Each structure stands twice: as structure tokens, then as C-alpha cells.
């Protein structure tokens, strides 16, 4: 059994990891994984750099692009989590009782955003695309995910650019209503059905180089789990146990579309490159990155 | 006449604090100063607390946090007290490294997490190390002050009796700084608890009160969250209480 | 003979601390104890620091943070000192609300953010209020201890001269607790800075050192991040220095 | 306890064994200023005073003379209202100590000075409670400096002064308020030879002239008798009055008196009483 | 400075005005135990001692008598090595104070006791530095208790004791180590009448028998002369020696001696010198 430490951000996008763990796919592959939970993405990247973890279950792609830009070959994605209006992750919600029907109706609103320059940048870019100007038409402020529901409930903000499963919690609690989801695809990638690959499962470059065979076995187990996630609704039972999702919303909470790198189509690769380029343009990623160097197919 | 009764009542004094806190909380809840969804009633919270402690996982999370806190506090104590005494004894040396102490005292623990992750890896060690570091600084700072403000006459008395500088330290300086050391100790144990919880929240963890708070917040289980917070505060008080009792025992002479 | 020279050197003592810190940092960097991408060299960082202070936004962020810190500290001081004196003067009262003080001292600021958000909204006020709250607790705690450990004889002397309880407080207790008050003040200003930075990190903010640290961390601009952290630590020292100087002026008698 | 019960007992008087109209029986001689009734005090369960009774005459100086640890400091601390007692009461002309202007020279004079104030400001301090202006205060200090030939730099902080200088400052602080009642607990113990003589001579004159009721604790028998109108001789703990001796020597007194027959006889009497009292009693 | 320059001056001697072979001129009489050379000290820029020179004879008791603030405490603090001086040196048989077993009764005896130790443990404390076991220490204390008729509960904490009791504890702590050199700064100031007499009598006997070199600061002239082999009379600041008087009275002495002609004459002489010295000088 090869021991592998996997950095996990406790949210639904870590599902393949827990599926592979619970269904014994790792064990079959001769891998004994240890989950290392991080509540901050930069710490996951750092752990990959220092070799504290060999893999990440769900690492934000812009973070990955960033570190690869600075230190080429730090990590490679083996699967990507795509999101759009169907596979809802990012979305605008409005507080209960709001009359807004489209993004343009957010004129004059106080908006909260998921934290971090990437999220804030995306929210602003989307609103700009919807014809709103920051400062004049709306104000926006980033807030920790944990306070989103409360802030909308209390009416401190009128609307929010937020992520799943927080949005589902807010909606279920009656604190908010979904305004529009999949906004990155629609407004930034330019096609409603395009997948925005905002996160994915990754392996560290060092791990890939030193233990290619183990990496391959890990990827195989991972692929099996990804398939289950795509096809088997029962995997949702794992959400409450590991991934900060209450049992009530687990059956219905939207999940991203998880795709193994080898299954990515040409259009997907283009969309991914475009997604990262937007990050570069916003200054969230330091410089241009060729996304092909960031992914590895198994 | 009424003395024994008042005496008996005195044991209950700390309970007044609890009552005040819960009272304000109840009022805030009844007046709906905050949305009831955001701030649950004390009743709900205590039900949650009781269930969590009796059968649930709260007891386990609390225990994990306590263990981490005690570990880091023990380390902090064994570094902070001796170092504080040594540094406090020499004004020159203290002034020369004051910068480092004040620097790190003024830097949030969450900011130094990355540094400690590099040094101590991703396991338990980092959480304990950061908390120990923070608490040690506070203890050191207080002890050093206690030493610097020690009554000079008593140090001289020991020296004149033939005590070596080391013996003066052990026999007099330590005692003279004891009241201040207890301030440091109590600041330190609270800080250790705070940092452990913050570490559990932000470095990520699979147990502990910080983990519980973050999770409850994510799924918007406010009673669970407040039960965890209340447990944290309660632990802080109990840990402090230990040292309050010790202090009353040992520092009978302060101010005399 | 050599005195004037050593005297002149003494002014430089605090610089030793800076040298020690930067020295360790350099060595760590040179030995590659941490990956250079994670821990930049002091050189890089200081270049970034310099540019940020000279033309960049670092100066603005630092200034914002300082302003918030000073506001909250001023509030904390004006609450903590009087309350600490009043509470410390009566053992009974202090013991009765000790629970509340220890409770909140042991609760991380990040945990009470949601509560303060509800009370103070999302603006500047919340950040300042949380920091003021945390700092006030620490100041209060220290002042109360200072009062409780005051030399009894001096209080009696004032009373016998006809001072009312209030006058005894103002004329003696305040002074007797002054050394401990300064410990509280210095703990308080550091804590205010820490909480302001944490608030800037976690409560939406568009400026301030905390915001800068978080953003730099997200985009992996390590020199920017360390420049911001270094600025924070430096601010902490400078703010402390203010009170070190004041303390030396006012507390000439401690230990006599 | 006694203090608590007193009013009750008074109210119950008609039914009790007390003579009906004796609300305040004239137990104390006329001219009494300070009355101590039923004073009770113990430390760690061991009594120091038990139902202690004393009347101090107005405008006279009473010397207190007793062995170490018999409770002299305890007594004047209780009288001055800074040490709680378990029973009994101390009244100044029927008033409490709060309504009386007192001066107090602590035995532990060092700790009683405020190190954050210069000597001068230490002396001026009590004046703010009796509404005396700073200018007037400085004048009074100037007068004291003249009177007692003070050669201390009053602009220094107490911890920069020698032991005797500190004690001198402490004495000046007690005198500057022109007290009605003055407590002095071994006030000359650290003063030099000449200053002690000067102090004794001037002080007894000044206090007599100004009609200050004074309690002086002293271990120097000669001093105790020389200064006094009455000498209070105390026994070991539990403390009782061994004797309360009148000193009917004329004033103003001078050093010549020290060798007078009357003085020597008084001294001898006091010493005899003291020695007998000391030999008895139990160790504290 | 003087201390620093001394060796240099010695080396340069052949070229200088000093007599060539006089490395250590026999300036001090034989039998000298403590030598003070060129002692210099100032506070806040104002000199207390300037090139102060003194030789104290072995196994004798020297009383120091001088006005308040002249620097008596300062002098013995410097001798005991707890106050730095700016120049000069103090040697005990050519050794430094570190190599000498000393006892010290502080003028500020309260602050010098450790409130976290019971009186008994305070007295035992210095014994650990001279390798005396606790059992032996307790024996010594028992002896002291007998000798000085101590009636203090030594199991109390210092702050539970009266002023005089604290001072007594402080004296016992200084004596328990059986010092070679004993410094006492107004050691009897708070003791009661009888205890003072007892202390004087027993102490002068014990110290003489055990050949302890003693420095006693006292403001009581009678006491100073009665106890002393030599009386050191100091002037006001800047402090110089007004006189260094021999007291050739036989030992053991008793109170009868106080009225002897020789004693009275000595006392009168000392007083005259003192008064002249005090009248001169400037206020501190």
C-alpha cells in the first residue's frame, strides 16, 4: 500500500476523493490515502509545493495556474470540475423579497461576493457584461462564505455572488432566491453551455516524476470515482458526512460536472484556456499560462 | 450573624457572570435585535449543547481542542517563563530583542500559519506550534515585565546574603514576578485556546471546536455553531479558573 | 573613558532585534529551508516594501490599517482603563463578571465577526468594533490585575488623609496600577492591530494590510505578502515603541 | 458585634437592666475627645483587643508605650478607620473619623509616600481634601521648613531620599493639614540625633499651642514621657491597659526637665509598670 | 576612575612623583580588616563621597553617627557591594566582598524580607549559601531565640508581623550566618524598650566574643558609644570624616557604664564634633 496525502477542501467538489475512499477504489489500486483538510486554497498549493501532500482533491484552477506560472511543473490536473447553468456552482442570488429578475435589475444593490480576487473579479466582470458599473450602479464587498446566508437573511446585503452549497442553504432557508447561475459561462466565456473549469483534482509534479506508477494507479481509482459521481446519485450520501452539506439539501444540491482530462474535448480545452486567460487579464494570474502544460491525461 | 450565609453565597459569585451573559443574550433574542435565525435563543443553544455533550460529537471536539490547547500551553510555559525571567533580568538584552517580541505579538496567527506549515508540516504539530508560539510570546512578555518591575530592595537583600545572580533569579525574581506571571499565564492559556480554534478553522481539521464552528456556519446550523462557541468560551473560563485558584494559593502576599 | 561611545551604541540596541530577525530569515532563505517560491529573500521583500511604501499602495494600506487600529485602540482604552479600575477595586464585583471577561478573551475574534456584523453592519464600524472589543478586554484585564495587586499601604495612606473612595482611585490606584496598565496597553494595541488585520482579511475589505496579505497570498505574490506582513510587524513595534517611551517617562518609580 | 447590638440594646433599655435614662452614661471624664468603646479585634482567630475601652482627653498628647506586637499600630489604624474591627466603636467628639481632620505618620513611612509625586507634592497632597489652595499650602510648607530647620531638597522623589528624609517628609505631610487629631507611629525612629531633639521640642510646643489631640507611639521611654500629657501603658496580647499615667509636668518643657525629680520618678514608674506587663502575657 | 587609573599610576610610578617602591604604602594601621580607598559616589551629579578613605579594625564594632542624608546607608551599601560606585575600592582583608561572609540588617527591613516565605524560612534562607543544613539552621535559630528572648511566632508571614517583629526577624537573619562582617543600619529603631536594651547588651557581647567586624549605624548617641569600639562621625554632604573616635571602655559593658565619667566624656566629645559638623555643610 502506497501512502498518499491528499489536500482536501471540504466542499462538494471533493466528492471523487471520498467516493474513491469509501468505495475502496484507492484500496484496490494499492493506495492508502490520507485526507489533509485545508480551509484555504493557498495552503493547499503551499503543501503541494513543500511536498506535504502529493495530491489535491479539488484545487482552484486559477491557483494552480498561478503557481505553475511561477514554478512550472508544480502540479498537473488530472480532472476538471466544470460549471455552468446546468452544473451550477457560481451564481447570483438575491435576498428574499427582492424584485430583481435579471442581473441588470441589480442596479443600486449592495452585493456580497465570495472571497478572493478571482471570485470578486469574476463577479465584477459579469456585472460589467450585464451593463452595470461598479460604484455607480452597485457596490460589492467580499465576505467569508460562512456569513453569506446570515448577511442575506439579515438584509445586510441585497444580493450575492456566491457558490454552492451555500446558495442552496440560503435558498432552502428562505433567505434568498436564485437569480442567475452559470454566469461565467454565459457572460465571460460567451456560451451558455460552455463549462467553466474553476477547480479540479491535481497531482504534484514531484509526485508524478518520482512515482509515476503510483500516480497512474491513483488516477485510475480517481477515474472510477469520477464515473460514479457522474452516474450514481447515491454518491450524494457522502456529502453530509464529509463535505459540509446538510442532509436536507444533499439530495438536491447542484454538483459540478467532473471530467477526467483524457475525456476533455477540444472545445473544453479552449474554454479552459479562455477561462485562465480571463484570470490573467484580471491580474489574478501573474502571467500567461499554457493550460496544456497544466493538465495530464491518464 | 449573617456571615456564614453570605460566605456560602460568595461561592456563587462567578455564576453571576454567567447569568449576566445569558441574560443579555436572552434579551437580545427576545427583542429580536438580531434575526432569530442568526442568533438562536439561549434555550435552543443549551439544548444543542447538552445533546452534543451527552451523546454527540461536541464532547469529542471539545476534548480534542482542550488537548491541543494544553499541549501548546505546556510548551509555551516551559519556553516563556524561563526566557522571560532571563530577558527581564537584563534590561539591555530585553531591549535588544524587544523588536522581535513586539513584531510577532502584533502579527496575526493566521498570517504566520503558512510559515509554520512549512516548518512543521500539515499534521497536528503545526496547530500546536503556532499556538505555543503565540502563547509563549505573551507569557514571556508578561514575565519579563514582572521581572523588570520587581522590588529592587528584595533582589539586593538576596545578593547581600551571598546569592549568585542565578540564585537571586530563582529565589527572588521568580517570586517577585509571580503576580505578573499569572497575568501572563492567564493571557497565554486564553490565547493558546484562541489560536488552536483559529487553526482548526483555517488550516483545516477534521475535529476540534474550530472545525465545528466552521462546519456549522457553512450549513447554517446556528444553534450548533453557538453551542460550539459557548463551549469554547466556557473552556476558556475553566482553564483560567485553574490558574485563578492556583494564584490565590500561591500569591498571598501581593501588594504587601 | 569608553562610556560615551557605549552610550551612543545603546541607542542602537533595538536594531539588534531587527538584525537577528532578518539574519535568521536570510539564513533560512539561503539554506532553502523553505522553497524560495514560498519564502522570498529579505532582499526581494525589502525591495517590494520600499517600492510599496514609496510609490505603491502599500503605504496607503498601512495607513488605513493604522487608522483603524488607532480608532479601535482609543475606544478600547477609554473603556478598558476606567472599567478595569472600577472592577479591580472591588474583588467581589470583579470575580462576579470574571466569567464574561475570560469567556470573551478565550473566543477568537473571527468567531465573533458574525455577531458584530449583525450589530454594526458591514462597514468600517464592524472592524473597529471587534478590535476595540478585543483590546478593551485585554486592557481591562490587566488594569484590574494592577489594581488588585496595588500596594495596600498607599491606598490606606490616601484614605487616612481624607480621600474619598473615588479620589483614592484617581490619586493612588491609577498610579499604583500604572506599570500593569502599560502592560495592558501594549498588549491591547498589538491585539487591536492583529484583529484589524484579521478583520481586513476575512470581513470584506478593499484596503488595509490584511486585505493585501490575503490577496497576495491568493495570487502567490510572496514578496508582496511578506512585505505586507513585515509592515504589520513593524507597525506593531512602532506603536509599542510609543508606549515604551511614555512608560519610561511616567513610570520612573516602579519597583521602588 | 457590640456595635451592631448597641442600638438594639439601647432601644431595649426600658425593659432591660440598664438604668432607664442612661442612653450615654457619662462613663468618660469631661474634656474627653476620643472615646473607644468595646473595641474588639483578632488576627487569624487570636484576639488582640477584646472589649477595649479608652478615653483620650482633648488637646493633649498621649504617648502609647508597649511591647512589640502588642497592637499599637493596630489600635491607631482602627482609630484612623483604615483597619476594620470586629466590634465596638471609636468616636471623635461623638463623630466618626470621617468627619474629623486627622494627620497620620505611618510606622511604615516609606510605603506610605507616593513615589510618583515629588516630596513637595506628597506634602501638599492632603491639602486638596480640606480645600487649601496650593499657594497657601506652599506657605504652610515654608513655615514648617523654617520651624523644623528642614534641609531636604523637596523637589526630589521619595525614593531618592534617605530613610530619615523620607520620615521627615512623612511628618510634614501629617502636620501640613493642621489636624484636629494626630497619630504618630514611631515618627522619629529614623531621624538623626539633632533633628530628633529639635522635633521633640518644637512639636510638643506646637501641638500644645494648637490644641491638637495627639497619639504618639514611641519605644523611647524618655521621649514618651517628655512629650506626653498622659502615658498609655499596654500589656502583651490580648492587650489591656497596664496603666494610664498622668504627666503633670509644666509646659513648655525643655531638655532641662529630663533630669528633674518629677520626670525621673514618672519614668521610673512607667518602666516598672511596663516591665511587669511585659513579663506577663503570652508570646504572640 | 581612581580604581581604573590605579594600576596605570603604579606602573608609571618610577617616572612620576610617587616614591618608587611604595606599591601599597602601609597607610593603614595593623589589625585593619576593611579598607576603603578613594571611594567616589554621586547622585544626580551631586557628590556624596569624593575620594573617601577609611580603615576599619578587625573584630571591632564601629558605630557610624551622622546627620540624615549624609550617606551612611549609601556607604554600607557600597561596602556590601549592592550599590555601584564610581571610583575607589573596598577590600576585606584584601579580598572583595564576594569572598566575605557578611550579614546585613537593612534600614528598610520590611522590604528586605521575603513575603512569600514564613519568618522562619526567611531566617533560614541565607544558610543555603554557606552550606549549613536545615537542621543545623534550626538549631542556630533556637539558640538565637533563647539568647534574645524572642517571642515572635516564626511561622507567620512577614506581613503578619508588627514592625518591631519584622525588624527582629531581619536581625536574626543577619546573625544566623555567623558573619565575618556585620552591617546594621539602625537595627533597633523599631524594637521596644526592653528588647532594645537586651539586644544592645547581648549583641555587643556576642559580637565581641565571636570577633565579628561590625558596622552599626545609629542615631542614638548613647547607643552608638555604648556599643562601639570606635565611633565614626560623619559630616553633611559631600561627606567627610569629622572624627574617628576610640572608645577604650572595658568589655563586657553593662548599663552601669552609661553613667561612668569616661562614657559621659566620650559622649560629650562626640556630640560636640557632630554638632559642629552638622552646622557646617550644605543641605542635600
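By written order: A, B, C, D and E. Residues from 1 in each chain.
Here is the rule we go by: a residue touches a chain if its C-beta (ideal position, glycine included) is under 8 Å from a C-beta of that chain, and two chains touch if they have at least 3 such contacts.
Remember, it's a predicted structure, so these values are computed and weren't measured experimentally.
Visitor: Which chains, if any, touch chain C and chain D both?
Guide: Touching chain C and chain D alike: no chains returned.
Visitor: Quick one: how many steps at least from chain B to chain D, stepping chain to touching chain?
Guide: 2
Visitor: Give, as an integer number of Å, the spacing between the C-alpha centres of chain E and chain A.
Guide: 83
Visitor: Go ahead and note the Å separation of the Cα centroids belonging to chain D and chain E.
Guide: 32
Visitor: Centroid of chain A to centroid of chain B, CA atoms only: how many Å?
Guide: Using C-alpha averages as centres, the distance is 37 Å.
Visitor: Quick check: what residues of chain C touch more than one other chain, meaning two or more?
Guide: Answer for chain C, listing residues that touch two or more other chains: 34-35, 38, 114, 118, 151, 217, 256.
Visitor: Out of chain D, which residues touch more than one other chain, so two or more?
Guide: Counting only residues that touch two or more other chains, chain D contributes 108, 111.
Visitor: What residues in chain A touch two or more of the other chains?
Guide: 42, 46, 50, 146-147, 150, 154
Visitor: Who touches whom among the chains?
Guide: All chain pairs meeting the touch criterion are A-B, A-C, B-C, B-E, C-D, D-E.
Visitor: If we count contacts the way the header does, which residues on chain E are in touch with chain B in the complex?
Guide: Residues 77, 80-82, 101-102, 104, 106, 108, 111-116, 125-126, 129-130, 157, 159, 173, 177.
Visitor: Within the complex, which stretch of chain B touches chain C?
Guide: So the residues of chain B touching chain C come out as 10, 13-18, 20-21, 33-35, 38-39, 92, 95-108, 110-111, 114-115, 118-119, 138, 141-142, 145, 148-152, 179-180, 183, 186-187, 189-190, 193-195, 197-198, 201, 210, 213, 217, 229, 232-237, 239-241, 244, 254-256.
Visitor: Would you pull the chain C residues touching chain A in the complex into a rising list?
Guide: Interface residues on chain C, with respect to chain A: 34-35, 37-38, 113-114, 117-118, 121-122, 202-206, 214-215, 217-221.
Visitor: Give the list of chain C residues in touch with chain D in this complex.
Guide: Against chain D, chain C makes touches at 151, 153-154, 156-163, 167, 171-172, 175, 178, 250, 252-253, 256.
Visitor: Which of the residues in chain D end up touching chain E in this complex?
Guide: 43-44, 65-69, 71-74, 107-108, 110-111, 151-153, 160-165, 168, 185-186, 189-196, 219-221, 271, 274-275, 278, 283-284
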